[in-house]
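By written order: A, B, C, D, E and F. Residues from 1 in each chain.
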Amino acid sequence: MAGLVVRNVARADRNVVDRFAEFGVATVHEAQGRTGALASYISPVFPGGHVAGSAVTVSVPPADNWMIHVAVEQCREGDVLVVAPTAPSDAGYFGELLATALQTRGVRGLVIDAGCRDVAELRRMGFPVWSKCVSPFGTVKETLGDVNVGVVCAGQHVEPGDVVVADDDGVVVVPRLNAPRLLEACRAREEKETTSRRRYATGELSLDVQDMRGRLERAGLRYVDADGS
Amino acid sequence: MAGLVVRNVARADRNVVDRFAEFGVATVHEAQGRTGALASYISPVFPGGHVAGSAVTVSVPPADNWMIHVAVEQCREGDVLVVAPTAPSDAGYFGELLATALQTRGVRGLVIDAGCRDVAELRRMGFPVWSKCVSPFGTVKETLGDVNVGVVCAGQHVEPGDVVVADDDGVVVVPRLNAPRLLEACRAREEKETTSRRRYATGELSLDVQDMRGRLERAGLRYVDADGS
Amino acid sequence: MAGLVVRNVARADRNVVDRFAEFGVATVHEAQGRTGALASYISPVFPGGHVAGSAVTVSVPPADNWMIHVAVEQCREGDVLVVAPTAPSDAGYFGELLATALQTRGVRGLVIDAGCRDVAELRRMGFPVWSKCVSPFGTVKETLGDVNVGVVCAGQHVEPGDVVVADDDGVVVVPRLNAPRLLEACRAREEKETTSRRRYATGELSLDVQDMRGRLERAGLRYVDADGS
Amino acid sequence: MAGLVVRNVARADRNVVDRFAEFGVATVHEAQGRTGALASYISPVFPGGHVAGSAVTVSVPPADNWMIHVAVEQCREGDVLVVAPTAPSDAGYFGELLATALQTRGVRGLVIDAGCRDVAELRRMGFPVWSKCVSPFGTVKETLGDVNVGVVCAGQHVEPGDVVVADDDGVVVVPRLNAPRLLEACRAREEKETTSRRRYATGELSLDVQDMRGRLERAGLRYVDADGS
Amino acid sequence: MAGLVVRNVARADRNVVDRFAEFGVATVHEAQGRTGALASYISPVFPGGHVAGSAVTVSVPPADNWMIHVAVEQCREGDVLVVAPTAPSDAGYFGELLATALQTRGVRGLVIDAGCRDVAELRRMGFPVWSKCVSPFGTVKETLGDVNVGVVCAGQHVEPGDVVVADDDGVVVVPRLNAPRLLEACRAREEKETTSRRRYATGELSLDVQDMRGRLERAGLRYVDADGS
Amino acid sequence: MAGLVVRNVARADRNVVDRFAEFGVATVHEAQGRTGALASYISPVFPGGHVAGSAVTVSVPPADNWMIHVAVEQCREGDVLVVAPTAPSDAGYFGELLATALQTRGVRGLVIDAGCRDVAELRRMGFPVWSKCVSPFGTVKETLGDVNVGVVCAGQHVEPGDVVVADDDGVVVVPRLNAPRLLEACRAREEKETTSRRRYATGELSLDVQDMRGRLERAGLRYVDADGS
């Protein structure tokens, strides 16, 4: 029943999408009520990438990358490709050639719950990839999957057109319709953190800055001295 | 029954602690009779850090970092914070704000048997962290733990005030009272290794430098040629 | 029954071996019909290494590196040491001293299905290692193993004298007698990829470059528009 | 933003739901085009259970089972409780007391992407549980989650009211609206398998029963004799 | 520095130890303030065992069971042997012969953070083992460890003479001096659970039995109907 | 290049093969100098099976079971099917229908470094399977592999015709030509163990039965009393 390609999915407004790249993944995750983060085993294949884009989703069979080739055609400038196998796989689905094709179309990065390869070339090209592993194992092109349907990628449900933000901490997904409102929450959180950072840097304690002492005491926290005094 | 903060724990002499940073983790581990190393899944979130410090220990509930905030106040210059969850967790307990607070107090690094986040900022700040994983998942502040009690961190028992040494190979713990004597053993081992290194660099074999041939022969080692001769 | 050292094993022609370093591991794996790759958990301890060499194989007991010392003597310029424990181990079998000995003999790198240590020094020396993990845990020297017998390393059978190619993607093994013929296949594959890359960079799609559309349609691929039109 | 309980969600027709228990999980997964199966690390805590029911979903914080208590009230006869933590946890969220409460209400089983405990009692009670692990670690009751919202459980998206089928092979989820049609597909598949089984039992080969020889030959399969003849 | 055997360690009173077998591991863990449980990867090699005993601890090198033989002599009736490798190992340290020796001495079971083997015979003998895995891999007898020193076993610190309780849920450790007082706490918890169980069985909800509704409401829990009403 | 089926491979003498079923996997592994055991993650899907047979080997692509169908035809009475994917897979390659086909031909069991399903039926049929996991995920039939070539299965090299022994401890492989000689070694080991068992059952210690005390003392073992005396 697989084999569906959905064209022209709705994306969030490009101005909104682009501004998410000003925020770290941890900030977006917190601002969203601690939701949307992909599993911690997803990590960048080289450090320093930080992108925000609209999800083009791909559901692929284990060890078969045929549908990624199909998905390239559905990608536009500002997109991030999100690939999820239907069963766990550590095969190397993606390498330099596909990266060249995506980069040419203005795609900003790849998130894949499986393996990628050609990582030295990807670093040279500056095409950022977040993956489960690096693996030289090649894939076949035999079985269909789907493009731009809802997928579960590394424990997170992703719909096509959702906003994907990725940096050295990992990846977070923002539902498309929540994106504008969430931008505000990110900004608010960042401002609050800037204030906290300044105060901590002068030696103030979070116990005081965030006024935790009373609640800790009520919860039963007790202090003793090591010498028993 | 959790909720205990022990203040003013004894630390090893600062002169002793500081000199441990001259030795690699592997050297300290060997000099200590192959004991004290944390599990190999603990690794630096960025390469190049090398610190020695006195352990301030924190026992935390899974996915709850409240007690880390409490622990900051107990830290002094020259300390290393050691955080152990009571059940496995890959949440991101620690980020840039807590690092700012610790760095301001002269804390040298963090060792955590769980996740950390804001790793790009940590690298920029030069605040070294050894963790189980990098994870954007945030934590709550709801349940008490303990500060400066004995903990098990990544398979190793750590008492507050123990000396913690960490580098790109991982982390090793030295019981506080053994620290002065162990420094000597580290120095002796390093000297021996310097000699070995020099001899190996000229082409001598460890089989000869360490005089292994006799014992190997007695154990039954036998040589044959590939062509059967 | 362990305790065998086979001397003077046949290696592939050095000219052949050396030219494999022009190809990435993924290319060699593909050219070899998608065989020969070690498991994806084997990764470089620092990025940027790329070597080809003749395998000197070592079968070692868990957490015992005695036989690596024995193996050093059997290594020649152009070799790569391949170490496989008889049961899983994450101990740190290998460090800077053994690396010094191997580098002095012209050995090009180490592949080990276990742990290594002294990784900061290895990076400084430029001696590349592909391993399962980094671990400060030391090993003993008590039990014999074998040198230059067939081993299984990270899921792959390796015979002494096989050609080992390693880069940032991992490690691939080429049976010695296949090596000359495989060089040609690698070259052919690379040429084809160069052509593809150039076409993708101009915006052509792999769907067209590799003529996939007909086969996809016959497999049942269907396109719909997001608005249902 | 968590803290939502949705009451009176739609369920599939009870007659339809009940008949799914006649089919194995593997059959349902195949009939559904190889979709819907939870990850293979989900397994029964004791063998022999086989249930079908309507999903009541619970999104829980790591190591916090407060919302399971909330969810009990939303359960009806014929339901299966599906619990998914927002970050990985191996805590023991569920034991004999909650099982008593659920069994009393006619709930047929529990599926949880985390740990459960009291497994000897669960076996005695005959209350089947499919979980990630067995764990004595207790949980807290401090932080809200959600009941009857869409969740990702062990890699699979589950909506409240979906049909959940579980047996010794694992767990599969059927979207509520597909359930009636899928029952037919399961029945058709089972009939076909009955025929195949009978033919295999008489010594016929699947190569012939499923007529694979021609396609294998076209794919390039070749036979040789071990003695080279 | 290893190689120490401590004889005649203090055990808890046998009457106290024996009565712990009336309580499940989860109950003991809860009564102890949610502490003392070994990691969830420790599981019984066959179901149905339930023991309490005094810990005789063994620190062993990876894949070397020599010290278990040494430890047998230190075991008395009512003990449980607790074995912890100094580095991770999945070797099969323990089988039927050692079980025969221990059973003859009245030892009640084995807890090992590594592998065991001969599991069919262990089941037949009724000698319960809690282990990390089952593994046919044999061990050597070459390197010393320690008997009856503090060890870390599956994430938990264990001192010789501590009380160990194990059942199908896993293993929990009770510090020797806390044992008498903890017995009371276990009994109290069990009584409370008996009451709860009875009430749940009549259809009462834990929301009411444990009076959670007020706190849930204050935390922000909100109910909506699926049809939006 | 895959797609090879080798027919009529040599098997060990049936009398020899059959007698291996008298020995446990651990015994065979020890008698063979602690070699030949498959990784400990391979376990029986139901307990109590114990078989010995001749290996028919199958190399399969990830998540593709086409070649198992091809392999059935190459199986004879007394064989054990050994299936190894070319890259890691947890798909359910094997179920009741294939088991029916194999059982009809007198095949004694399956060893697979991947998943199997229909485990309730397999238990009912009494067809024993040793696998990496149980998984409902189905496979495709699209890509060729090989039958009766050398494979690496769960870390162990297996040639067609090798003797495979499997029981509740796992699986061990005996090279075909070594089989007759190894039978003697197994018998000798079993006799020695029978003697030891008898002596241990009377309270003798392995320290004395195996005469370890002298060697332990020379290695530096020292005894102290807990009270320091």
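Criterion: a contact is a pair of C-beta atoms (placed from the backbone, for glycine too) under 8 Å apart; a residue touches a chain by one contact, two chains touch by 3 or more.
None of these values were measured; they are calculated from a predicted model.
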Touching both subunit D and subunit F (chains): A, E
Equivalent interface to A-B, taken from B-D, D-F or A-D so that over half of the residue contact pairs match: D-F
Equivalent interface positions on subunit D and subunit E, same or different at half: different
Distance between chain centroids, defined by C-alpha means - subunit A, subunit F (Å): 42
Intercentroid distance (Cα basis), subunit C paired with subunit A, Å: 30
Overlap residues in subunit C, where contacts from two or more other chains coincide: 34, 37, 40, 86-88, 90, 135, 137, 143
Contacting chain pairs - touch in the sense defined above: A-B, A-C, A-D, A-F, B-C, B-D, B-E, C-E, C-F, D-E, D-F, E-F
List of subunit C residues in touch with subunit B within their complex: 3-10, 46, 66, 69-70, 72-73, 90, 92, 95-98, 100-101, 104-105, 115, 117-121, 123, 133-138, 141, 143-144, 148, 160
Footprint of subunit A on subunit D - complex, ascending: 1-2, 32-35, 37, 39-40, 86-88, 150, 152, 155-157
Complex contact set, residues of subunit E against subunit D: 24-26, 29-30, 34, 37, 40-41, 43, 47-48, 50, 167-172, 193, 196-197, 200-203, 205-207, 210, 212, 216, 219-227
In the complex with subunit F, residue positions of subunit A that touch it: 61-63, 86-91, 135, 137, 140, 142-143
